[in-house]
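In structure tokens below, several structures.
In what follows, subunit A forms one complex with subunit B and a second complex with subunit C.
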Partner chain A sequence: MSRTIVLGILGAGIALGFLPWLGVPAFYESFLYLLFHWMILAVSWNILSGYTGYFSFGHGAFFGAGIYATAYLAGRAGWPFLATVPAAILVAALLGVVLGAIVFRVSSVRGELFALLTLAVTFVLATVILNTPVDGGPGIYLIGVDIPVLGPSQSASIYMMGLITATLTLLISYWIYASKFGTGLFAIHDDEDVAEVMGVPTYRFKLYALAISCGLAGLAGGIHALFVSYVTVSETFSITVPLSVVLMSILGGSRHWIGPAVGAVLITCLLYYFTSGESAVLGRAAVGFILVVVILFMPAGVLGLVSGWRHNKRVRVAAEAAASAAPVHAAEAAPVARLPARRHIVAEPLLQVRGLSKAFSGVKALNDVTLEVYKGEILGLIGPNGSGKSTFINVVSGHYKPTAGEILFEGQSLAGQDAHRFAQAGIARTYQIPRPFSHMSVLENVAMVGMFGGGGMSRAEALREAQTFIEFAGLSHRAHALPDDLNLHQRKFLELARALAARPKLLLLDEVLSGLTPGEINEAIEMIQRIRDRGTTIVFVEHVMRAVMALTDRIVVLNHGALIAQGDASAVMNEEAVKAAYLGKAHA
Partner chain B sequence: MTLPSLNLLSQSILSGFFIGGMYGLIGLGLGLSWGLLRQINLAHFGFVFLSAYISYHMASVWGIDPLLTLLILPPVFFCIGVAMQWLLSRFHISPFNSLLVTFGITVMIESLIQYVWTADFRKLQSSYGEEKFTVGGLFVPVPELLTLMLAIFFAFAIWAAMRFTDLGKAMRAMAEDGPIAAAFGINQRLLSFLLSGACVALASVAGVCFALTFTLTPTQIFSWVGVVFAVVMLGGLGSAVGPLVAGIIIGVSEAVAMVLFSPSWAPIVSFSLLILMLLFRPGKA
Partner chain C sequence: MKSLKRIVALAAIAAGSLGFLAGPAQSQQGSPVRIGSTLALTGPLSATALVHKLTGEIYVEDLNKRGGLLGRKVEWIVKDDQSKPEVARTLYEQLVTSDKVDLLMGPYATGAILSAMGVAQRYNKILIHHTFGIPSLAKYDMHFPAWSLGPDPGTTVPNTLFDALAAAPKPPKTIAVVTSKFPSVHFMSLGAREVAKKRGLQEVLFLEWEFGNRDFGPIAARVKDAKPDLVFVGDIGLEGNMLLEAMKKLDYEPPLHFHLYPAPGPMATAPEGKNALSVTIFEEHAPYTNNPVAAKFVATYNERAKAAGFPYAKVEVQAAASFTAWQLLEAAVTATKSFDDRKLADWLKANQVPTIQGTLRFDRGNNFGDDLMRIKQVQGGNWVTVWPKAWAAPGASLKMQ
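Showing the complex of A and B:
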């Protein structure tokens, strides 16, 4: 978190707070209020939808819930306005949390389906309000409601409310952006399954983000009820709100904390300048045209462009630094750092798996597997393709829930729990096909795991630590690059660095060597040995037998989901069952 | 709640089918470009209205038979669709940015309509407009029937084309995995032009039907977005028959809710239905 930015937001808020006392015409206050209004709505939408990628078309519902909470309580029930504001926030947030608690349980409701569902909720809510005594049809007047005095005039008071809320919204948006919570949300955006496996409590985080987003929309609604002073269902729940906030956020840049605010200012001003003149119709056409042109040339939004420049600059600086520091090395190989060796034990079991089964609608991918992994060892897990090795990794990392059986890690049962619990208990994994978070730099990818994995570090701490692991994996010259800019070898090592940053007790390596050249394999084998030397227990799934023989202390062989042999590497490979599994039975 | 007569109920179910046909016809082109081109084309609604206004103009001012405009407008709109696709593919637009670009295009169309035809209500007066006949005590308005029949015809024609022709198979392959399809010799660029053109041509067909049935006003463009989006996603993105079926389901449930409760309760039935289907039968879209 940068103090400058927080102070900047506060300073701008305070400076604008003097405006009503400078004798500006009421018209400007109203215009600026509308600006704040759209800023709040767009920024609050972005906290869920921009950060996590769950595009909602239902912002109008939460905004409307806030409007109607205030309108009903102040206009009909006679509450003082300020007392209705908490109610507006609560009603909207509660609506969001109830919706989220149901929707986020259904893992297939992502992307378009989530957008549709939230849109449908808007219509349902509008119908309910229209047909029940909350509104009943004619709309609600708030003419008689007293406006709390915050400025020299009524319009100034509403302006001040908009200003205070907008400042608060920006502070919250920035705080989330720069916090561990926000990092988790961005990880969900890029790859939710991986985020969960890396230790992000995705369900809870999405729910928090939704609650904050809805609560702020409700707050904006409560104030807006006072501003419009006559509330109707058709105005409140029209498609304008959800559509505008989406447009503003994309235009400004939805991966940035202030992007939606920039978009809100641009669109509101554009609409004002072009439609207030004589040829309002042509003005609107001009707004449409400008939108098209801006998005064609700036697809990441205004602030996306800015962060793009900054990113490129950082990458260039890092590359130049690497080039001048080590002119002999090719860009591929930065100096490999050694981490201090730690204790090395073999005795008690770290992981115990009993009777583990996993079935996919009839197909038994794992069938009654019982095995133990001892502290400090490297256990090789081998078997022909389709034998259940990857399923084993997926179950033991918590990604799949087992159909039957027990998983005991350090004596504690983990089976049936969410994947982030596995990560927090100290289990980390790599993916056979690397799955980095594509919008995060190498450094952020590694740091993210430090924050949410077994280490549970703060953001600042994790960023510091991540440097070490990146050096260990020989990627320090690419720290600021995005994963898409890496080659396969580098991406595999990024997977390793990420798994290490979790400071795991148990590391599950899923075919880290596949696709690497013989030279790269040697490098990787050496690195795995060094990881083991630090005291990490490793389960090593691999087809490259040379590596299996060189690294493993023990071997387990799976075939058709069942365990067929285990023990010392060379002994196991000579067992008849194992030969049969790999080569087929001799029928002669 | 009073039970309506059987006749009233069946009449409203019939009208649900008709409005469902309209939903399906508008949703067809929208869903195809969403599912196969990965573009959320808000301008689809703009094109529907533009076509409705042009056919209104042709019929009312130039005295051309509205059914004849069904032959004139689609080819013209096909070209518009190709031009739009050229623009979007030239700049490699992502799905959610396509929403933004096409929103801008829609605003431009809306302004154009307002500039040419003003914001007043317009109604196409034609010999078909008021024509009705009775089948077993039920009124069947001709324009609505035409809409439904066109919706059914296009849904099944496109379904058959996607399933049985090489062109259709190529389009499905392209939607599944563009680069791989290209590697097997499929001309993605040409296909996407064709598809986008066809979708916008479908919008123009829906527009003519729209002009025959409804009173036109430019601000209505966005009031159709919600329900047609729902129809498309319920029916399955990229599906040809899905939007029609979903449109009829939503249309009928709305119409039944109107007679059973009151017209203002109608949306809750269709959208609650939608929410339940999404939660309990997920993975359809």
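Showing the complex of A and C:
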């Protein structure tokens, strides 16, 4: 977290706080209030939707909940305005949490379904408010409500409320962006399932993000009730609010903490620039045209464009530095570093799996598997295609919940728990087809796992540590590259670096060698040996038999989901059942 | 430090962009009188705003031809409030504190007018406005409504309607009240229920729908089943047309149907709109057009509205209220020989002003005066006033199905 940015936000807030006493026309207070208003709404929307990718069209509902909480309590129940503010925040946040608690449990409600569902919440809430004594139809009038004195005039007081809230919102947005929490949210955005397996408590994080997003929208609503002074359902719950905040965020850049604020400023200024009666229609058309052009040619928004430039520059500088340091190998591999070896322990079980089964619609992918993995060993898990190897990895990493059976890790039962508990207990995995977080650099991908895996490091600590693992994987020259810029070999090594950064006690390697050239396989084998030398226990799923024979201490063979053999590699490979599984039975 | 520099640069850009929003310098003696307004030139309310804009342009052009106000030309500054009350508020702040206009003219929709009224109140400006629908909400002592609803239209308007129907050949005995929950409509419908009860009409159905509803089939079916003599429809815009179309699909034609604020063109021209009743303050026929000012305005408006491609080029409530607002302002300035807001307001409170919709006064609750609402009916594809008889079109009387 940059102190300069925090001080910059606070400094800008304090500087703007002097405005009402400078004698500028009150219009500027009113106009700037509207800028702050849209900034708060757009930035708060972004905390859920931009950071996690859960695209909400329901921000109008949470904003409306805040408006009506204040309007009802101040306009009808006679509460002082300031007493209604916590209520506006709480009502909106509670609405979001109740919605999220249900919706986030259903993994299919993502993308457009989530957007539609949140939009539906807006209509439902509007209907409830319209048809109950909260409003009942005529709207709520707040002209008689006393405005707390925060400035030399009423306009100035409302301006100050907007300014304070906008400053607070930007600070919160930046704090989340630069924190471990924010990294978890960005991981959810890129691949929620992987994020959960890497240790991010996705359900909890989404709920927190939604609560903060809704609470800030409610706060903006509470203040806005006072600003508009006449609150009606049709105005409050119109589609304008969600549409505007989405546009502002996209225009400014939804992956940046200040992007939506920039979008809010641009759109609000553009709309005001064209309020002259002679150019109103033309102006609206021009605004629409500008937005279309920006979205077409700057899909990541204004801040995305800036970030893109900075990213490209960093990648170019790193590549040039690597080229000058090692011109022959720069394009493919940086010098490989060796980590200090750890003591190699064997014999005590680290993982115990008892009667483990997993069925998909009645088809048993794993059938009553019982095995143990000893501390410090490399256990090879082999079997023909469809034998259940990947399912085993998915169940033991928590990605799938088992249908039956027990998973004991260091004597603690993990079966049925969320995947992030597995990661936090010390289990890490790689994916057969690499699944890096696509919008995070190599460095961020590795650091993220350090934060949420078994290590549980702070963000700063994890970023420092990530350098070591990137160097270990020979990717230091690509530290700032995005995964899309890497070749398959580098992506596989990124998977390894990421798994290592979790400081796992047990590492599940799912076909890390597939798709690699013989030379690259040798490099990978060497690296796996070095990982084992550090004392990490490994379960190694692989089809490349020379690697299996070279690396494993023991092997387990699965066929049709059942364990058919286990023991020393060469002995097991000679068992009839294993030969039959691989080669089929002779029918002479 | 780089971040700090960036923030400073952003702040500078933001400050520069504000410069675009600043208006011209304060007017001086001898220069044009600058009157500032907002209208919903874009957004959902824009169709009606164009009526107000055209009316204002016609009035100001004519006023300037006549020498302007107190010998000074009038410059009308119109800004687009984008159909949003919060934008209306900010733009009125701009008109008063930055553009420093001499006088204000109100917008036309209830929400925007309330926003403008708040600003006018803070800066002690007189605000004459066009079509404000909920008199009980207007608390400012220097606001003046050009739409003569009276202080309690929820009671007086239904009474006018029931008076008209009582004088018809076959007065209704049963009533169905179906209404939108649009604020300025809903309270009128609730008022109609109370008045109907007091006058002995039996309510056979009461239904509400949310503003924005498009499915009127179930409501039409319920009305048909209730078999009322009169359907009081609390509608706004095209809601009434949609309800009548839904009734038509059920082969049902209500014996009498009243619509609160229908879109005038579509209701008059739709076949199912035949004999529809509504309220008005002005229609394009005698005796309104016996007033030469009104006749001249009607002729100019018709011509300009047709040229501008308006779907309904006749003068009715919106245009008449807008024209009236300008008449009130001119009358007050001329009488007081002043642009002082307080003097203008005091004069309007103390005097009656002849306008194209009748004589207006502002000495009753919340600065409202008489309820001048009349009853009109679609006859031969046109709206004609049928009640009270003094304002009825020549030879026109209320027709039943």
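Heads up, the rule we're going with is that the second predicted complex is superposed on the first by the 585 of 588 C-alpha atoms of A that agree within 3 Å, B and C clash if a C-alpha of one lies under 4 Å from a C-alpha of the other, contacts with A are read in each partner's own complex, and residues count from 1 in each chain.
Everything below uses one rule, namely that a contact is a pair of C-beta atoms (placed from the backbone, for glycine too) under 8 Å apart; a residue touches a chain by one contact, two chains touch by 3 or more.
From a predicted model like this one, the values you see are computed outputs, not experimental measurements.
Participant: Fit or clash for subunit B plus subunit C once both are placed on subunit A?
Facilitator: After superposition on subunit A, subunit B vs subunit C: clash.
Participant: Quick check on the superposed pair: does A:130 touch subunit B, subunit C, both, or neither? Answer first, second, both or neither.
Facilitator: both
Participant: Quick check on the superposed pair: does A:152 touch subunit B, subunit C, both, or neither? Answer first, second, both or neither.
Facilitator: neither
Participant: Mind working out whether A:284 is in touch with subunit B, subunit C, both or neither, as first, second, both or neither?
Facilitator: both
Participant: Touching A:250, do we find subunit B (first), subunit C (second), both, or neither?
Facilitator: A:250 contacts subunit B only, not subunit C.
Participant: Which partner does A:308 reach: the first (subunit B), the second (subunit C), both, or neither?
Facilitator: A:308 contacts neither subunit B nor subunit C.
Participant: Between subunit B and subunit C, which residues of subunit A are contacted by each of them?
Facilitator: Comparing the two interfaces on subunit A, one with subunit B and one with subunit C, the shared residues are 126-127, 130-131, 137, 240, 281, 284.
Participant: Please output the residues of subunit A touching subunit B within their complex, sorted ascending.
Facilitator: Residue positions touching the partner: 55, 57, 102-103, 106, 108-109, 112-113, 116-117, 119-124, 126-128, 130-131, 137, 238-240, 243, 246-247, 250-251, 281-282, 284-285, 287-292, 295-297, 299.
Participant: Over in the complex, which subunit B residues touch subunit A? Could you list them?
Facilitator: 34, 87, 91-94, 96-97, 99-101, 103-108, 110-112, 114-115, 222-223, 225-227, 229-230, 233-234, 237, 262, 264-268, 271-272, 274-275, 278-279, 282-283, 285
Participant: Quick one: in the complex, what on subunit A touches subunit C?
Facilitator: Touching subunit C from subunit A are residues 2, 4-5, 7-9, 11-12, 15, 25-31, 33-34, 37, 126-127, 130-131, 137-139, 141, 143-144, 153-155, 224, 227-230, 232-235, 240, 262, 265, 269, 271-277, 280-281, 283-284.
Participant: Considering the complex alone, what residue numbers of subunit C touch subunit A?
Facilitator: By the definition above, subunit C touches subunit A via 1, 3-4, 7, 10-11, 14, 17-18, 20-21, 38-39, 41-42, 53, 77-82, 84-87, 89-91, 93-94, 96-98, 110-111, 114-115, 118, 122, 134, 137, 139, 181-183, 186-187, 208, 210-212.
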